[in-house]
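The data blocks that follow each hold one structure.
You will see chain A twice below: alongside chain B first, and alongside chain C after that.
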Partner chain A sequence: MPDSPSTLSGRRRLRQGRDRLATALVTAGGIGAIVALLAIGLFLAVEVMPLFWSSEATETVSQRALWLPREGADGAVQYRWDPTATLPTEDVARVSLVPLAWGTLEAAAWALLIAIPLALGAAAHSALFMSTRLRSRVKPTLELMEALPGVVIGFIAGLVLAPWVDRHLADVLTLLILLVPGLLLASGLRSCLPPRLQQAIPLSWAGLWLLPWLLLILAAAHGLSPWLEAWVFGGDLHRWLEVRLGLDITVRNAMIVGMAMGFAVMPSVYALAEDALSGVPRSLAEGAQALGATRWQTLWRVVLPAASPGILSAVMIGAGRAVGETMIVLMASGNAALMTWNPLDGLRSLAATIAIELPEAGPESLHYRLLLLAALLLFVFTFLVNTLAEWVRSRLRRRYRRLGSGR
Partner chain B sequence: MRWAFGSRARRSRREGIGAWLAAGSVALSLLALLALLALLTIRGLGHFWPAPIALVMLEDGRQLAGEHVREVPLPEGEGRERLYRTGNRDLEGSRWQWVPVSSITAVSHPPDLVVLERRRWGEAIGRLTSLQRETGERVEGEPAWAALNARLAELASLRQARDALREEIILPQVRPLEEGDEAPRLEAANARLRELQAAMQGGHLILEAVDGRRLEVPLEQARRARRPNGMSSLEKLVAWGNGVWRFLSEGPRAANTAGGVWPAIFGTVLMVMLMSILVTPFGVLAAIYLNEVAHQGRLTRLVRISVRNLAGVPSIVYGVFGLGVFVYGIGGTLDEWFFDATLPSPTFGTGGLLWASLTLALLTLPVVIVATEEGLARIPDQQREGALALGATRLEMLTRVVLPMATPAMLTGMILAVARAAGEVAPLMLVGVAKLAPQVPLDGDFPFLHLERKFMHLGYHIFDAALHGGDVEAAMPLVYATALLLVLVILVLNLTAIFLRHHLSMRHGALAR
Partner chain C sequence: MSALLRRCLASWLLLMSLGSLRADAEDVVGTLDAMGSDTMAGLMLRWGQALTRQHPGIRLQLQASGSASAPPALAAGTTRLGPMSRPMNEAERQAFIERHGYPPRELVVARDALVVVVHRHNPLESLGRRELDALFSDSRRCGARKEIRQWRQLGHDRPEGRIRLHGRNAASGTHGLFRHIALCDGFFRPEVNEHPGSAAVVAAVTEDPRAIGYAGLNHLTPGVKALARRDAEGKRHFPDPDAVQHGDYALSRDLYLYINLPPGDSLPAAEQAFFNLVLSPVGQAIVEELGFVPLPEVRRVSQRRELALDELDS
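And now, the complex of A and B:
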């Protein structure tokens, strides 16, 4: 016997000891990492506390100052964010977070207004109509789009797109008007073609062959815009907007932010919505088509209702991203804390304010705590939205399992 | 056959307008992406191509020479105007000139126009009239151009020798020396340095701007000279390659509006490497704990969902956490304990490389945890049970069976984390990125890696040069190039992750069958 029972059990004990040690290490490391991660919310909450509890802070920052409007010098109701200004005449600091929250939500709303139709349309097309070969190329491409850094999109939006749109406002408007009819014209023209040619440009590849058509629409918009401007807006859209509608126009405005952030948010909404749509059990769609529904009817009546929770959760994730995006808003909006409905005026978001002002605010100061409160708001909002989206998604997954096994 | 055709055609007609609008939104997204990438590529790479210099005659008899930048319509429909980059900032007060198109009578591209890059005042554009050598000899006309090029090459090699001497011999010796000590080798090196400096002095050239004014430029001030109008395509290609190389390898000049981005590349790469060293072990440990060790109960599920959701928390919030906890909290305490002598100027109590890497590690921790957990969950339980049934302990089962199978998933997680971290700028603005950091955080000085130093970052460089530069017009081409570089780095990283994930799903797809 080469191994006596005593050395065997000794080696066994060594192995078990090593195993126990490793398990303890994994547990410690794992719990440590997770606790550090979860500590973020705790840290923000603890640091913000003194704003509400300490007597010294509540004197200068009352709840009223944070959330309610105050009477301005001219008697008008106003919200102001200007925490560094210390005017001797004012006893309460101008620290209303309302304009910042407004700017954040406004930017997110514009972004979603652009991202949702694009993302859902693209998701529906690629889940139901697109050829498998094209889909296996387009999906990763749009996933790559998600990885484009915000600072690059912000740079293009703020320094290239914004001045261009400012010069070609009428072009953009014409493009908006022409886009939908132009696409429908493409489908109409195609159905007039002989069947052989129609087969050469099938709907399943429309994502690609519509690209040159879109360029044509763009060129048409550029060509038609002077006419539109001359006939409808008396020669100058800028002046028309300023004089007739009384709008202030700034170069870097909410619409630019919306366009850029819509572009940034669109891929993540698309990816989740596409997963939800293509995850619908095939038996449902096949049943509908067997009963004579077109693919669009199948999508609208069968697939979309089945996948609606997933789509809702995709939209919520998109909203979470849009609210927290910093660099795009920072570079593409004017960072003026305004509260207007005007999409051509600037805005200032919570995230951008933190990025600009926190390095200057000393630790433990009132300004620092206010900015931490802003961060806490962002944290709570995105965390809640994401949790809700996750909950909806997990319910959806259970529903699919039921539907899929029901056949 | 005809019947089949007809039915298909009828069916696609009946798809309705929604289907076409959906297709249009795919096309629109792709178009936007392509336009963005094309814009970055064309503007970013085109800047380094030697542009022709136009000699413009104006109505009033004036002349100007410069690079055509762009043409825009004037307001109120009063025609168009062109922007020329004319250089000669010391003569004109500005590098740019706007000219109404209607006032231009003729544009030509004479081959003898010289673009001279100088160490101060930027470019000078004009005709080379004469050159005085360092020996005092004067050269005029065409031989002056050859003499200038010869001298510039000589100066470049002298400069290189000087920099090498300074970096490799003098600085390493100066640091350990206390004042008062003198080393004979250092003496010799200093003497050689003075010799090199002296050899660079002397001589000047005279450049005549097209309006007849003369610029006298000392030769040691000149960096490069070229005559773009007379260059062949091959020469231009070589010049373009050199330009790209200088952009990648040199430091920024003139308040980040000129020069290269080497320190920013270095800072980005170093920070991302430190971050991945920090995040990978902890992310993998946390994933193993959640998936293999922890009791799979309600609490674990809650923690898992929270971790997943933390991936969606805005990056700026992580930046705030990093500033409050790492910089002010831990950094401030470290300063009180170890760097009492230098207070109140902070050492670790201000943003720096270490804190930036830690913050980004925390930011990307959920990414790594989620990706690794997905990989672990894909491994069939039979594999684990088989290993345990053969008498392996849990550690052996993990290290010999489970982890090797989950390696691609871990790599994917790490690469996705790196790609996310490389593009993230907002949190860095709070925890340690700098507009201009002349010293890179890695050098020959003990302890070699300076974790407390601030560093430069490609993304922040874009932000800063685009929004805070003095001359945004001059900075724009470089910002395009930097943005292109950043996008390329991130695309390559993401493509690697996608490839790995594909490889992973192929492998486990085969395994599950």
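And now, the complex of A and C:
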């Protein structure tokens, strides 16, 4: 049945109206997001202002106290955060934000150090080498890990993992030493297998081959650690580290935070990187291999560069989350505002400090403003990370646009 | 059949209305809201439950966001009860007086103490004033000459190595009280791990033989050992109820409830019922049940008299 012209134009008008409504909604949403972002920044800036201008604040909290070290009793350089102390006249206020910023960056760095190799390795393997069937199972499972709330991860890390690692420090150390060479050896051993067996375990099922080896390495680490501890570390690793190297060891330390947060950050980095890698046109990789490139050369020289904008944004999203993550650091780090390079010592991040101190800081008090300054600093950190990521990404994208579909 | 049903319904309705009439006549109705200390949260909740059992018309609504939140809420009139684990400071009191022209009414409702805990297998039994300061502080205002970092400095070989320190987060009342009494208002060492709750401190010490921590008395578990405090003459004071009640154990404190009561006025009915319970043997038994220490009898009775609460009423 043919439509009459009037119903046709009516329908078109309806569609146009819907179009316009959708456009308006999208625009409003976009503008709203930008306005909210600016408003938050502005609110923080305005609330922090009195810290720099009111005479009452500047007398007790000088700019020196905020950013520069104070001299300790023994002449050593100190940065201290202890803002609730009643401020005695002879002492400088301990309100340095430097150890908190340090803690934030240190925690994020350890998390990324653990998350990025794992996530990118997993992404490369599942995007390029895994069979489609296996990949369709593995990818959602890994992405499901992202749904784990930070509180749960922090709780497990702080209350279960941290004491366990402290009790079995030698095991963990031995495992770290054995893991990479052991897995490389295992991969190498595969090529020593008779060809029939090799075909039975194709590269797409490499996990099946590595899993028993991984268990073997775990068992070996557990078995070897008492020997290692007895021979190399004089029977007690804790003591050796503390006495010989002068390292302080705390139960809740930067390493634990790195592991827990690395675990939390990994799924999102993996998901984005995997999308980027599988988005690289097959023709590129096939072309490279047809020209005689090995798998490794194809991955390293062709696919990775082509996917680099996506991978970089994946890493940066991970970095942004690691910098802003609160609960994991709060529960797994011990919140000691230290500044050390030692991964076995505690740290304290900006976000965790805000979370545990803001509820009891009196409104409009000096402490409250200091915490808002910490929030502003955190805001600036994440803003910088994201801006940098966007800038590098757009440059890379321009450079690799000629490749493939311009992704 | 339907007549029977109707009669049943009618008599039931009658009973209901009679019941509510009776409640109206005898009982106070209303919602008491409280805002303040999280240390006292469990205590307030239990008192609230007991109160509702006595007077079904009253509900206690609690927001436990920290002692510091009580004074502004009381001054602004957004809460009727202000539980605090420390006394109001001068600035908070002044802010209230500016608003209302009279100071808030302060009531001491229970005693509490901070305990210094170690792992249950740790041989350490007691700590002196200066030792505790030398452990936790880097300013050492109480007069210790050297800071204590290793277990052997405390005269024991068994837990070896560094002492690991645990405490509450800055801004909690517990942290402030410990700073005031144990550190002589000095500074904490940055190495002290700051936990968001006393239970977390106790958990951390439970699993680590080399740890020392401080926590609220009511969080003591069998997994940790509370240390005695040595006074200047070397006499040990364990944090037992008697020592806490009378202040022989130095790390003890009062727990407060603040209310907005103009001088000369008598308590509103709901508050009267509440304090009648809190300052009764039943209310103080709840205090003891939750691991705090009840008020000394003299103090309980004198506060009842001040509020003009009838002793027989409880």
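Everything below uses one rule, namely that the second predicted complex is superposed on the first by the 342 of 407 C-alpha atoms of A that agree within 3 Å, B and C clash if a C-alpha of one lies under 4 Å from a C-alpha of the other, contacts with A are read in each partner's own complex, and residues count from 1 in each chain.
Basically, a residue touches a chain if its C-beta (ideal position, glycine included) is under 8 Å from a C-beta of that chain, and two chains touch if they have at least 3 such contacts.
Here the structure is a predicted model, which is why all the values come from computation and not from measurement.
With the two structures aligned on chain A, chain B clashes with chain C. Comparing chain C and chain B on the residues of chain A they touch gives the larger count to B. Once chain A of one complex is fitted onto chain A of the other, the partner contacts of A:97 are absent, as it touches neither chain B nor chain C. In the superposed model, A:81 lies in contact with chain C only, and not with chain B.
In the superposed pair of complexes, A:159 makes contact with chain B and with chain C alike. Of the two partner chains, neither chain B nor chain C is touched by A:108.
With both structures placed on the common chain, the touch criterion links A:359 to chain B and to chain C. Touch criterion met: A:250 reaches chain C, while chain B stays clear of it. In the superposition on chain A, A:314 makes contact with neither chain B nor chain C.
Once the two structures sit on top of each other via chain A, chain C runs into chain B at 183-191, and not at any other stretch of 57-65, 129-137, 183-191 or 219-227.
Common to the chain B and chain C interfaces on chain A are residues 159, 330, 359, 363.
Chain contact summary for the complex, chain A toward chain C: residues 72-73, 80-86, 88, 91, 94, 99, 159, 163, 166, 236, 238-239, 242, 248-252, 330, 334-338, 346, 348, 356-357, 359-363, 367.
Every residue of chain C that touches chain A in the complex is listed here, in rising order: 65-69, 72, 138-139, 160-162, 164, 166, 169-172, 175-176, 179, 185-188, 190-196, 203-204, 207-208, 211.
Contacts from chain B toward chain A in the complex involve residues 5-6, 8-9, 11-34, 36, 39-40, 72-73, 281-283, 285-290, 292-294, 303, 305-310, 312-321, 323-325, 328, 332, 351, 362, 365-366, 369, 393-396, 398, 419-420, 422-426, 429-430, 459-460, 462-463, 466-467, 472, 476, 479, 483, 486-487, 490-491, 494-495, 498.
Here chain A touches chain B in the complex through residues 15-16, 18-19, 22-23, 25-27, 29-34, 36-40, 43-44, 47, 117-122, 124-126, 129-130, 138, 140-145, 147-156, 158-160, 167, 179-180, 183-184, 186-187, 191, 195, 198-199, 202-203, 206-208, 210-211, 213-215, 263, 266-267, 270, 294-297, 299-300, 317, 320-321, 323-327, 330-331, 351, 354-355, 358-359, 363, 371-372, 375, 378-379, 382-383, 385-387, 390, going by the rule given at the top.
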